[in-house]
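Note that chain A is present in both complexes that follow, paired respectively with chain B and with chain C.
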Partner chain A sequence: MRLSGNGVVATREAFLEWLSRGRTFVTETVARRFRLPFPSVPTPKAVLLPQHEALYRFFWARRTWNVHPLPPEGTPILLLAAPCEVKAVTDVLDAVFLGNAPQDPYYATRRKNLILGALGCTFFEATCFCTRVGGHPLSREGADFFALPLSSGVYFEGEGVSGRPLASSEKEELEALVADLEKTAPPPFPEKTPEYLYEAFGCDIWEDIAWGCLNCGACTFLCPTCFCFDLALEGRLRGAMIRTWDSCMFPKFTLHASSHNPRSHPMQRVRQRILHKFSYHPLRKGVFGCVGCGRCVALCPVNWDIREAVERVVSCAL
Partner chain B sequence: MPCEGIYTPCLLPIAEIVEETRDIKTFRIPRPEHFVYRPGQFAEIFVPGVGEAPFSISSSPTEGTFLEFSIKRIGSVTQALHRLNPGDTVGLRGPYGNGFPVEELLGKHLLFVGGGIGLAPLRSLINYVLSPEHRLSFGDVFILYGARTPQDLVFRWELERWRKREDLTLCLTVDEGNASWEGRVGLVPNVLREVFSFPCTGWVSIVCGPPIMIKFTIKALRELGFAPGDILTTLEMKMKCGLGKCGRCNIGPYYVCQDGPVFSYETLLEMPEEY
Partner chain C sequence: MTLHDAARKLLEEHKVQGVLGYRKGSLPFRTRPYLFRDPCEIEELVFNPFCGLNLARYLLFLPQGIERVAIVAKGCDGRACVALVRENRLRRENLLILGVPCPGMVDTRKLAEWEGLKEHEVTLRGGEIVIRGVAYPLASFLDASCRRCRYRSPLVYDILVEGGEVPSLPQEDTLRELRSLPEEKRWEFFRKELSRCIRCYACRNACPMCYCKECFAESHKPSFLHPSPTLRDNFVFHIGRAMHLAGRCVECGACERACPLGIPIATLFLAVSDTVREHFAFEAGVDVAAPAPFVTYREDDPNAFIR
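Now for the complex of A and B:
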């Protein structure tokens, strides 16, 4: 069990009152599962790396060009997310924007202002696969606090909410939940998956795997870990340098000015997306670049399934 | 001008522009004090109102208070750059990338093989090695440089300067000569096989040019007996941030903007063949 078990049980009202004291948001996944009176954001990524932001302004004035950096801003935000979405922040986004020098000041400021809570999951949806990539539905790792709805109230680990110790019936309820999750948990991908996939770069299977994919990029925008961005200039005599989300599914992502494109074929882009998450990022950082939230599987317009793709490539390499 | 933040360029006036060929110009700008670089590193150049793109630095850090970028007119940013005049403003961010492993090259004989605009990053290291303070730390220097036609050779005044030196061998070749061309005619890899006729013990080769030239030059170097670890080259990839964050220059477990652009052929062999 990932829980320490020494949390408290609070009433739902006390928990909601504590949450309501600041600017509180929930992720779409949390909003779908629990009726909570807070506005939703797609994933923590939307808070930490906005889809669109200006980094500096430039303008022509008094016969000279001027550049004005726009300082990072962050207001304190409390965000309630699923454990996999917390993992997306600590394993991937933090590693890229904070762990890789120099730190991104915009991300760092917002991260400092973010209180990130994990709301435990009581079941696996059909598209969930956090346990395949090293996560757990009851993990509190990396979260500032952990909450889990019980029949009698809300189980809470962390600081801020007071409650009473667990009653024996609640302990039993927790144990039963853990046992039930154990039974239904999707099994992990093989330990050497990053190495297998690396070896399988030249495998024939990629064409077949990528065949159904539209290369629409929806998955990369839904993904809580996809961090790739574009820097583009807006305006001519005055304007700003804008950072926007970008996607490795788009042919222009790697198009050189010389018109050479190392990933001009849709298959190469699908392969890059899978290998970056399941091979390159793990080989570099020691953790999968995918947290198994299943949003890309659930919301893909053509039901393209990344779990199946990884399984097929692994079996090709074995 | 402001240089705060990792994405904001500092604005600098262009000091001088040299026309190298019909589509290549060298831009000289003052070097800001904080901008301390090594040969082989690159910088992001910002053209106000147009955009930003990465360019390798073609000057050597031993040359003092300016930076040079040799830029071929090819996309929107480079076209805008080519329309600028001395005194006009550009923005600068950097330096980025690993640069050449200068410490590992100490005491080695150096074989430089350049093609076209690929001489730009090599020139930074060549002039570093040839500078009075470093020349004695390195062995022999052999430079093979090729371009499509005699008109496409860049740094012609620099080539003259190198030719006059007695502590290096300079060999020029073109794919297609003309009436006044007295140098060699032939593709770089083929000329390399002809002119580099000594044992390669103690030599390291540094190769830069168009991908197809790099590919066949490495093949020739392998035939001449160079070990994969003794061949250095630079990779090109579309880049935006230069800071290992925007994700687009990812190849295998590497980000070209941080782990590169200089890679040994040994490392390239472990990378996915085509990315």
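Now for the complex of A and C:
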């Protein structure tokens, strides 16, 4: 049980009215489960790290380069996301873009203006595996507020929405929900998974695991934690420096100027994606680089399943 | 011979080193491609109305040591095999086409309305799909590419497996509605759909005919388009791909099924295929010997500009 239990129960109308006061977005996961009248974004990172972002404009004039940075507007945004998606921002993206100096000023500005709400999940979808990577469907860790739809209204923890204290029937409903989630929760990956995977780099199982993967970027682009980006100049004497998402699945991701490519083979790229999320990132930052939202599993054109891949590599290393 | 018997026999008799087929996926209704190398594994081979991927895509990416391969081919996979042989990507003698009649591939996204639907709750009966005891017309669950399909069974094959009832679905002109719209409305349709594209290239990578070592979309020298998904660059990518696939697209719809955002991208390629059919009386992957429209030079070409 991760809920403090000291929240209130508000009516659905009051909750929606409060959400409608500002610029509110919901993630597609939330939009799919609860019909809410707000525009949706595919992942939280679409708000914090837009797929197309001009960092500065430049032009050549009077024999010199003129450069004008384009800092993002500081408009506050409220984003309602599933607990796993909140974790993706607070545990992974924040650590990458704000964890070390220098911080990314573009990300920092957007993050400062983001109100992040967690909407608890009442069940596990077939693709969900947050509990395998240290998350919980009712976690409010890192979120500015927490909401959970109950049969009688919306359970709310945080500031802004007023409501009445929980009735005993609602307390029972919450307890039943927690018990039910506990029963159906997928079990965590073994504790030493990052170490096992690190050891398994040279295993001959990788070719087999990677076979079938189309090497498209559907998983990485829709992943809430994948943060890799590319910088490219648009224009020659006048133009902009553009930041776009990049994907480790693409052959040119690691292409060197010398034309050497350390990950020229599709298998190496698949291995990199698994090891980065489940080995390198946790070994460095202490948390998995995956929050178990299951998007990559649900949206993969060939049903390539990262859960199975991790299990297979772990069993190979054991 | 049934599909399983045929596939098992081929592996047991070492006629092929592998059988490209489908296996049950990790999610309800989903199947995934698999290269069967051991006859004992063949019992896991499945063929059902959820095998929307075009397996011919994997023929050019086989692991080492596979010289001769069998492929479980519905009509469109078969057409892709023929088209790849025609383009000298494959040797016909290294390929064994295990033809399976196709009932049409169900769009799994359309099953999302039924919450918690289990596989055993869905059956196919003639031209109908029965979901939890209620029959619906099958056509409304198929993609555009399947509703307009002309060749449900492969035209070229080595073994045609028996069984597999093929419902006689009417061949629908799925593009009629779009074509009847004025130009601005059609532009609006494509503008709206393509603005959602995130350029993950799933459509291209699922396409059996997109096998370029370096795609024009990712080329740096020269650079044809920017990697960011602005509407302008999205149009350049998709129209560019449509031009490259003119006279080569086998109309399988794998691109559309692969799209994680559900963009009806095959519309573009199906429209181009119709244009090629109309002007050149040519369909890709139907006849190995037929001259392909854009790579054939004739001294008596009816068009003066090319002579």
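Note that the second predicted complex is superposed on the first by the 316 of 318 C-alpha atoms of A that agree within 3 Å, B and C clash if a C-alpha of one lies under 4 Å from a C-alpha of the other, contacts with A are read in each partner's own complex, and residues count from 1 in each chain.
Please note the rule applied: contacts are C-beta pairs under 8 Å (C-beta built on N, C-alpha and C of every residue); 3 or more make two chains touch, one makes a residue touch a chain.
All values reported here derive from a predicted model rather than from experimental measurement.
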{"item": "Joint occupancy of chain A by chain B and chain C, clash or fit", "value": "fit"}
{"item": "First (chain B), second (chain C), both or neither touched by A:L299", "value": "second"}
{"item": "Which superposed partner A:H276 touches (first chain B, second chain C, both, neither)", "value": "first"}
{"item": "Residues of chain A touched, compared between chain B and chain C (which is higher)", "value": "B"}
{"item": "Chain B versus chain C as contact partner of A:F229, first or second or both or neither", "value": "first"}
{"item": "Chain B versus chain C as contact partner of A:A167, first or second or both or neither", "value": "neither"}
{"item": "Contacts of A:G217 with chain B and chain C, given as first, second, both or neither", "value": "second"}
{"item": "Touched partner set for A:F201, first chain B, second chain C, both or neither", "value": "first"}
{"item": "Chain B versus chain C as contact partner of A:D246, first or second or both or neither", "value": "both"}
{"item": "First, second, both or neither for A:P262, with chain B first and chain C second", "value": "first"}
{"item": "Partner chain in contact with A:A179 - chain B first, chain C second, else both or neither", "value": "neither"}
{"item": "Distance of closest approach, chain C and chain B, by C-alpha atoms in Å", "value": "8"}
{"item": "Overlap of the chain B and chain C footprints on chain A, listed as residue numbers", "value": "230, 232, 246"}
{"item": "Chain A partner contacts - residues on chain C that touch it in the complex", "value": "25-28, 30-35, 53, 57-58, 61, 63, 198-202, 204-206, 218, 220, 226-230, 257-261"}
{"item": "Chain B - residues contacting chain A, complex", "value": "1-2, 4-11, 48-53, 74-78, 89, 91, 211, 236-238, 240-241, 243-248, 250, 252-253, 258, 272-275"}
{"item": "Contacting residues of chain A [partner chain B, same complex]", "value": "55-56, 58, 60, 64-69, 71, 96-97, 100, 102, 104-105, 198, 201-202, 227-233, 235-237, 239, 241, 243, 246, 248, 253-258, 260, 262-263, 268, 272, 275-276, 279-280, 283-284"}
{"item": "Chain C partner contacts - residues on chain A that touch it in the complex", "value": "42, 51-52, 126-127, 207, 211-212, 214-218, 220-222, 230, 232, 234, 242, 244-247, 250-252, 266, 297-299, 301-305, 307-308"}
